[in-house]
Amino acid sequence: MSNEATLNKRLYDLMSRCVRCAQCTTGYENTEFELVCPIYKRFNFFTYSLGGIAQLGRAVREGWLDPTESVANIVYNCISCGACAEMCAQVDFRDMMELQHELRAKCVEVGQVPVAHMITIESLKKDDNMMQKPKAERGKWAEGLEVKDITKEKAEVYYHAGCRYCFDEELWPIARSAVNLLKRAGVDVGIAGKDETCCGGRAFELGYQGEFIKYAENNLEMLRTAGIKTLVTSCADGYYTFKVLYDMFGKRGDLEVLHITEYLARLIKEGRLKLIRNVPLTVTYHDPCHLGRKVEPWIRHEGKLKAGEIYQPPRDILNSIPGLKFIEMRRIKENAWCCGAGGGIIDAYPDFARWTAQERIEEAKATGAEVMVTACPWCRSNFSDALQESNGKLKIYDIVELVEQAL
Amino acid sequence: MLNIIVCIKQVLDPEAPASAYKIDAEARQVILKGIPPVISPFDENALEAALRIKDAHESKVTVISMGQNLSKPVLMKSLAVGADELLLLEDSAFQETDSYATAFILATAISKLGQYDLILTGREAADTNAGSVGAGIAEILGIPSTTIVRKIEVNDGKVIAERVVSEGYEVAESPLPSLITVSNELGELRYATVKQLVASRNKPIMTWDAQQLGVDASQMRRARLLRLFIPQKESRCQMVEGETAEEMGANLAVKLREAKIL
Amino acid sequence: MSNVDLLYKELLSTFPQERVSRDQAILTSYAMDSASPAGIATLPALVALPQTTEEVRSLLVAANRFKVPVVPMSRGSNLAGLAVPHKGEVVVDLRLMNKIIEVNPDAAYAVVEPGVTHHQLSLEARRNGFITHLPTATGGGSSVANYLMRPSGNLSAKWDPDPILSLEVVTPSGDIIRTGSASFGTAGWRARYGPFPDLTGLFACSYGTLGIVTKMAVKLHDRGEEERLLITKFDSFPPALAYMKLIVRRNLADSVTFWTWVWNMFHELMVSKSQELPPEMMKEDQRTPPPGIPFGIASARLSGYKEVVDTQEKTCIRLARELGGDYIPPEEAKARHPGSWAYLNSYFVDGIHPKPGEDSTLRAGLWLSGCLVNAEPSKVLEVEQEMWRFAEKHAKPPYMFRALPFNHAREFFFAFVILVVGSVDEEKEYITQLRGAYKNFYYEFLEKYGAIMFRFRQDPSFLAVTGPYGELLRKIKNLIDPNNIMHPGVNLF
């Protein structure tokens, strides 16, 4: 497997132009909460930044650095949150993501992957989920929930719960709420229950592009057989995968992909969901990377649609909740500080994942808010874990939980 | 103590989806992006067989792997599940080998290692599916071999193996030293925990190249790869005409007769 | 054990593991900058990240003891190989020393550490009602490193061209030297000159060969009640230079810079955010601008009391017209050249260094600085003609000219830059050929026009041209750094 094949010419040219200005690490001027790159802040060496990783890629491409364990360590420590690409003048967002994808695919090809990921992927192959749990239990979250099964009946909208929601018992109520909210608003929704499989997004992010293609093809087949035209999910990573990755590989077809916040914001606007009860909380909102930055700049190769980041819909929802006081953090929207759960970090580098989450928790606390709201199960559980460890006083809610409280 | 040798091959993940395969016709190479190397599945069964014997008898399990760009993290899984040492035969010359050359190189390495009681390999590699290396090694070493085995028992200097055949199985007994190629019916390879994977770093890994082994791989080849291609599968659908089901049936019968199928 | 092993072992007793490394993967990003030719990068022996002056001191003392060479790197955005190892030196990464230690509004100065960026400092200055000297440099670069290299100081038409006041330097022997008023302890950082010889000047343009600068005090300038950007246009360089000479000699503006039409096209890219260069920039005849676009514009920053600024503006416009040029009023500039207008305003009026994210020139290709020389005004005119001849002979468009006044009416600088568009791989040969053509440049310019290079080009024989001056510098170097551990790869000595 030659270096040229993996790290293409265009990327190599861009990498060569890195001037090491380190703008990739910094969102604002030098005040508190100004760094936006978690690995740079944590590990100090310039190598732990977009510029640094670009130099690594360049060295591998030029043939004088082998993809060794230390190289893989640096590459895989990056959470792939994308904050760097927002800041860098040299590379477009897509280029930065492509750089990470290429390097990780290369690490996979030479078998130089953190051990934790090898185990996760092996489990994925066996049980079709990223949580290392038995496939047969995938439908348990929906037990007792009166909702259509798309493998047996026709439905207009497919709700994809995602691996995290399916197997994390603590999060089941949120997924159930989401489905109930949709039904309450009169949406003809169905789920796949135990027949749901992973979207494949995380496998792709870990460099296992072949695995991803399998899941993409499988999911598309299932949805095509069921005649589904619209997919809604509560998982930000899943949203990104279906909307952007599937499209990138030409596997999305006509499928309309929506995140639950988009859908709920729409329903609230149309008056199909009425939020009437007072929710007297002071909250702040954390923008999940996979809902915002990572979706935002994707433009289909034919040059048409912008995929559309989801910064406003969650804010619209929060602003519609009576009695809610909403304060923004400093690093928001495209400058948001990552929660630390993406890119496989919670499996391979759990300490770093929690450190990153803790940074964000401090930022949330500094606004004076008592609650941090988010719209992604990975964000939510990473924050919860970090809070548990540090005995923090901040509460974490998924936005759906607040909507429920306001009905 | 039994000296068991297991030969494993590193292959591209055979579960990679078909649509991910691309062929570089000029280089006669397969190109796959983001597909990891893995231990060939039947070789994992062979390793499991060795470990089961080790569970029952005092044994030393040596794993050998031959190739190029061998991935230590992937092959060290064998150490993590319980093998005692790993020998890597790595040389650019080992890339372009055929079954005969592979068998010869492995046999040479095995002889060099010294005394052995049992050699286990997978029944065939998941990429080439040739299935000849195992028996080839035995032939070169001059020891008996039993292929496509689903169960192994060792006692008193003998090995009793159950061979899979189409109608069931047959039992073969042979004296040690002996070689056995293992099939998946034997059972899946046991899991390694993260702890075991990390601890495997402390087990010995040796690397020999062609010179150290004393083989000239270029002289060993007896087969030459002529062409590598993905066959074009075409399907054409002919609709059989007819007003009624009976008519369509009759027309179908005629077509099948014309195609000389009936 | 090698000397590096010994040094590493010693460093581990003072530095935590997270701030010193020998890991090849980590060292890779310290091995090259964007000027490094493909595949030819030298890994440093190790990299250390000090956070305090004391840590810098212990590091240098240890390196000196084991005779291991050192390359100081403030932020590493240098484009000419001055912050990368050439012979496997130890890289000292000063990014973590990024505090603005003090801003003194009364005495009008700021004290910064090497990791502080231009962007950072310019924002802090603004917050306190000041403007920095505004060197033409990327906002992500280190203020300390850039000021020490005598940058194209933009506000030098009015203010003292060298805004550095005092320094704190750590030498290889472990001495922590403070220059200027800071050498007196309680006198603060406010003054460059005291009653003794000025050693701040010694460390400027020493490119890290005499020690590591850990603090720099720099002058901040008054913003003035009114701040304005004045744009005038000229059809050729001689009238533009005459205009600049008048402004500088007669104190009519804070700054005046002349940008040829190619430069201005670059600025337009920031508004369009296009990654493609307009075809005009690539055309053969770069002397003739496209129709409707002036050959070049002079941008001047005016600041001060409103009455004074109004008069200065009127006068500048009159002078420009007398010389055959003309005024471009703000509405016209904004409408016809929105990118240039926005860029120049943000820089010269607001006083905010562009963040690299806003500097589109980075996107377009690889900078290959042509040269920057200074000479007498009449000689500068001849230099300009020479540059055209050189460019038309050796370079593929685009290339850009720029003229700056510098030492307050004493010298004028002329800068000439070639931008290599296209891939580093494909243009390898072209880049090598260009670099080869530069080699004798400076000697020719010196002989023909009395022009001197602005910044050192890693050619030790150029120092030899200065005779006894170079000899004295060499003696000083031997005194301060007898083991020659400080940045030996730069070839200054």
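For clarity, chains are labelled A, B and C in written order, and residue numbers in each chain start from 1.
Criterion: contacts are C-beta pairs under 8 Å (C-beta built on N, C-alpha and C of every residue); 3 or more make two chains touch, one makes a residue touch a chain.
Since the model is a prediction, treat every value here as computed from it, not as a measurement.
K.L.:
Connecting every touching chain pair, does the picture come out as line, ring, star, complete or other?
P.N.:
line
K.L.:
So which chain is the furthest away from chain C, centre to centre on CA atoms?
P.N.:
Relative to chain C, the chain whose C-alpha centre sits farthest away is B.
K.L.:
Would you mind pulling out the distance in Å between where the CA atoms of chain A average out and where those of chain C do?
P.N.:
41
K.L.:
Which integer distance in Å separates the CA centroid of chain B from that of chain C?
P.N.:
62
K.L.:
Touching two or more other chains, which residues of chain B qualify?
P.N.:
Expected reply: no residues.
K.L.:
Show which residues of chain B lie in contact with chain A when the two form their complex.
P.N.:
These residues of chain B touch chain A: 10, 13, 15-17, 19-20, 31-37, 69, 71-74, 194, 197-198.
K.L.:
Taking the complex as given, what residues does chain C use to touch chain A?
P.N.:
18-19, 21, 23-34, 38-39, 41, 47, 49, 75-77, 79, 93, 95-96, 98, 100, 116-117, 119-120, 123-124, 138-141, 355-360, 362-363, 365-366, 423-425
K.L.:
If we count contacts the way the header does, which residues on chain A are in touch with chain B in the complex?
P.N.:
1, 5-6, 69, 101, 104-105, 108-113, 115-116, 118-119, 121, 125, 204, 207-214, 217
K.L.:
Going by the contact rule at the top, pick out the chain A residues touching chain C in the complex.
P.N.:
9, 12-13, 16-23, 29-30, 43-47, 49, 51-52, 55-56, 58-59, 62-65, 68, 70-71, 73-74, 87-90
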